[in-house]
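The data blocks that follow each hold one structure.
What follows is chain A paired twice: with chain B in the first complex and chain C in the second.
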Partner chain A sequence: MDIGGLLKELLLEDKVLIHFDFMNGFFDINRSIVLSWGVIAVLTLLILFLTSNMKVHDISTKQAVAELIVEKLRGITYGMLGDEGLRYRDYMVVVLVFIGASNLVGLFGQTPPTMDLNVTAALSLMSIVLVEAAGIKKKGTRKWLKSFAEPMAIITPMNILELAIRPLSLCMRLFGNIIGATVIMELLKMVVPIIVPAAFSLYFDIFDGLIQAYVFVFLTSLYIKEAVE
Partner chain B sequence: MDLTAIGAAIAAFTGIGAGVGIGIATSKAVDAVARQPEADGKIMKLLLLGCALAEATAIYGFVVSIMILFT
Partner chain C sequence: MLNVSVMNIVWTVINLLVLYLVFRLFLFKRVDAVLQARRDEIEHAKDSVLEKEREAEKLKEDYSAKLRDADKECEELINKSKQEGYDEYDRIVTEAKDKAEQIIVEARHNAQIEAQKEKDAYVSELTDLVVRAANKIAVSKHDEESDKELYNKFIFEAIEKSK
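== the complex of A and B ==
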């Protein structure tokens, strides 16, 4: 068995899917981008299907299902954000659904878009910008700057470092978990090709992916809650 | 002599800390649920958060060992 070769193929594969020549240079579109477009397209079609033909009275089963999903998801993020961060609830729902759906792409034999460091880096940068913007909006610029020196002036460097550490840890946690799950699944498929991978796929592809989406949203909500306090 | 594999193995030792941490967190959560079964929703949420934070150290070790092996 050639484990090293398999790992090399999985980790160092060519990420570029579409290649354009553009004037003097070139323009590459990565595989992960195309896959996340696919995820977005599927989610959009689902939303369009569920929200078409809505009524106030005599609602159909489809509309009842759509309302149930929205209520549940909003309930989850409301529980994390509380009343102070109510306005960020819907963004959190969108991130939760997108990361959850991206992690489930592994079920269809594709590499999940979140296995690319660029995708998770973009998501965590969006999170940290939102956290700081929420802090500025709530406290005003002066108070926001002052909040770096809380609770003591001596830990100001730590608070400034946290600006970089938080997105880095969010990004690395999601990326590391997904790449770990994918590598383990590939190794299992190589050692035992039948039956056994199906049971492990239940944990590594479905449970782990959804938990990581939840954890990402949970931590971002925690930071927002801390920022708007 | 090529020592990259040894470096990757040392990076994988981060798993010890994460394993102990998750074990302690889970045992405390089981205690808490046994004492107050009605609070299991809240305990579950906190347990998930704690496990994710404890697991993150192991993931950092994993990422570091992958970087050592494949760059």
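== the complex of A and C ==
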């Protein structure tokens, strides 16, 4: 068993899929980006299929499914955001679906886009921007700036540090969990090639992926809720 | 493994925004439109039901008011006819009383006239009797005895007549 080789292959693989030959590869596009395009395309097609020909009465099954999905997902994010953050629930639904769908890509033999640090970094960047924007929108710039000195002036540096720590922890948590799950799955496949990996795949590819999506959205919602209070 | 590429972060941000737009345009907006239409319909139905209820309430009130009016009118009519009946009764009774009085007066008057007539007849008969008696006395010879007898006869006849 060449565990070291496996890890090397998994962690140090060249992620670049589309290479542009100028500016020293600045515009290179990673595999994860292309994969998330695929995820977005599939989700878009699914949505278009579900919401085509919507009616008020005598609804079809697919419309009922669409309504159920919207209600349930909004229910989840509304439960986390509360009334104050009502306007952000739709975005949180999108993030939840995107991360969940991305993590499930592993089921189809692809490496999940969330295994690329750039993707999780972008997600957490969006989250922290949204959190601070929500805070500014709710309190106004002056009050938002003042809120860094709360509850005591002495912890102002901590609060400022949090601006960086929060997205970093979000980013690393998601990235680490997904890459950890993938590594464990690969090792399992090396040790027991049949049957056992299938059972563990249920946990690592489906359950863990969805849990991580939920955790990411839950924490972001928590921050937003804190910001708009 | 941990190489961060700005361009890829930007791409992911764009991806997310695109996905958000897709969700918003094709999922949330459509579903919201349907839900809103349904809510509006329910609201509309509720409004019209309330409106109908109000109308029914009003009609009911109108009818009960009309019914009350009809009751009142009915009572008035009954009272009026009762009053008329009493008036008629009074009028008839008064008339009858008047008539009866008149009849009594007439009867009394007639009786008086009758009595006068009888009295007159009696007086004239008495006069005749006196005249006849005087004639008899004058014709017949007369002494004390016959005078006395004649006188008694006359008294007797007069009494007999007056009976």
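Simple rule for what comes next: the second predicted complex is superposed on the first by the 223 of 229 C-alpha atoms of A that agree within 3 Å, B and C clash if a C-alpha of one lies under 4 Å from a C-alpha of the other, contacts with A are read in each partner's own complex, and residues count from 1 in each chain.
Going forward, a contact is a pair of C-beta atoms (placed from the backbone, for glycine too) under 8 Å apart; a residue touches a chain by one contact, two chains touch by 3 or more.
Quick caveat, the model's predicted, so the values are computed rather than measured.
Novice: Is the arrangement of chain B and chain C around the shared chain A a clash or a fit after superposition?
Specialist: Aligned through their shared chain, the two binders fit side by side on chain A.
Novice: So, does A:215 touch the first partner chain B, the second partner chain C, both, or neither?
Specialist: first
Novice: Regarding the shared-chain residue A:26, is it in contact with chain B (first), chain C (second), both, or neither?
Specialist: After superposition on chain A, A:26 lies in contact with chain C alone.
Novice: After lining up the shared chain so the two structures overlap, which partner does A:92 touch, if you call chain B first and chain C second: first, second, both or neither?
Specialist: neither
Novice: Name the contact category of A:35: first (chain B only), second (chain C only), both, or neither.
Specialist: A:35 contacts neither chain B nor chain C.
Novice: So in the superposed three-chain picture, is A:81 touching just chain B, just chain C, both, or none of them (first/second/both/neither)?
Specialist: neither
Novice: Can you tell me whether chain B or chain C touches more residues on chain A?
Specialist: Looking at chain B versus chain C, the one contacting more residues of chain A is C.
Novice: Just to be sure I read the superposition right, which of the two partners does A:169 touch: chain B = first, chain C = second, or both, or neither?
Specialist: A:169 contacts chain B only, not chain C.
Novice: Once the shared chain is lined up, is A:56 touching chain B (first), chain C (second), both, or neither of them?
Specialist: second
Novice: If we overlay the two complexes on their shared chain A, which of chain B and chain C does A:180 touch? Say first, second, both or neither.
Specialist: After superposition on chain A, A:180 lies in contact with chain B alone.
Novice: Consider the C-alpha centres of chain B and chain C from the C-alpha centre of chain A, and write down the angle between them to the nearest 10 degrees.
Specialist: Between chain B and chain C, as viewed from chain A: 110 degrees.
Novice: Can you work out, in whole Å, how close the C-alpha atoms of chain B and chain C get once everything is superposed?
Specialist: 8
Novice: Show which residues of chain A both chain B and chain C reach, each in its own complex.
Specialist: Touching chain B in the first complex and chain C in the second, residues 11-12 of chain A appear in both lists.
Novice: Considering only the defined contacts, which chain A positions touch chain B in the complex?
Specialist: 7-8, 11-12, 79, 169, 172-173, 175-177, 179-180, 211-212, 214-215, 218-219, 222
Novice: In the complex, go through chain B and note every residue touching chain A.
Specialist: Going through chain B, the ones touching chain A are 45, 48-49, 52, 55-56, 59-60, 62-63, 66, 69-70.
Novice: Report the residues of chain C in contact with chain A in the complex, numbered from low to high.
Specialist: Per the touch definition, chain C meets chain A at residues 1-13, 15-16, 18-20, 22-24, 26-28, 30-31, 33-35, 37-38, 41.
Novice: Inside the complex, what are the residues of chain A that reach chain C?
Specialist: 11-12, 15, 26-30, 32-33, 36-37, 40, 43-44, 47-48, 50-51, 54-56, 59, 63, 66-67, 70, 90-91, 93-95, 97-98, 116-119, 121-123, 125-126
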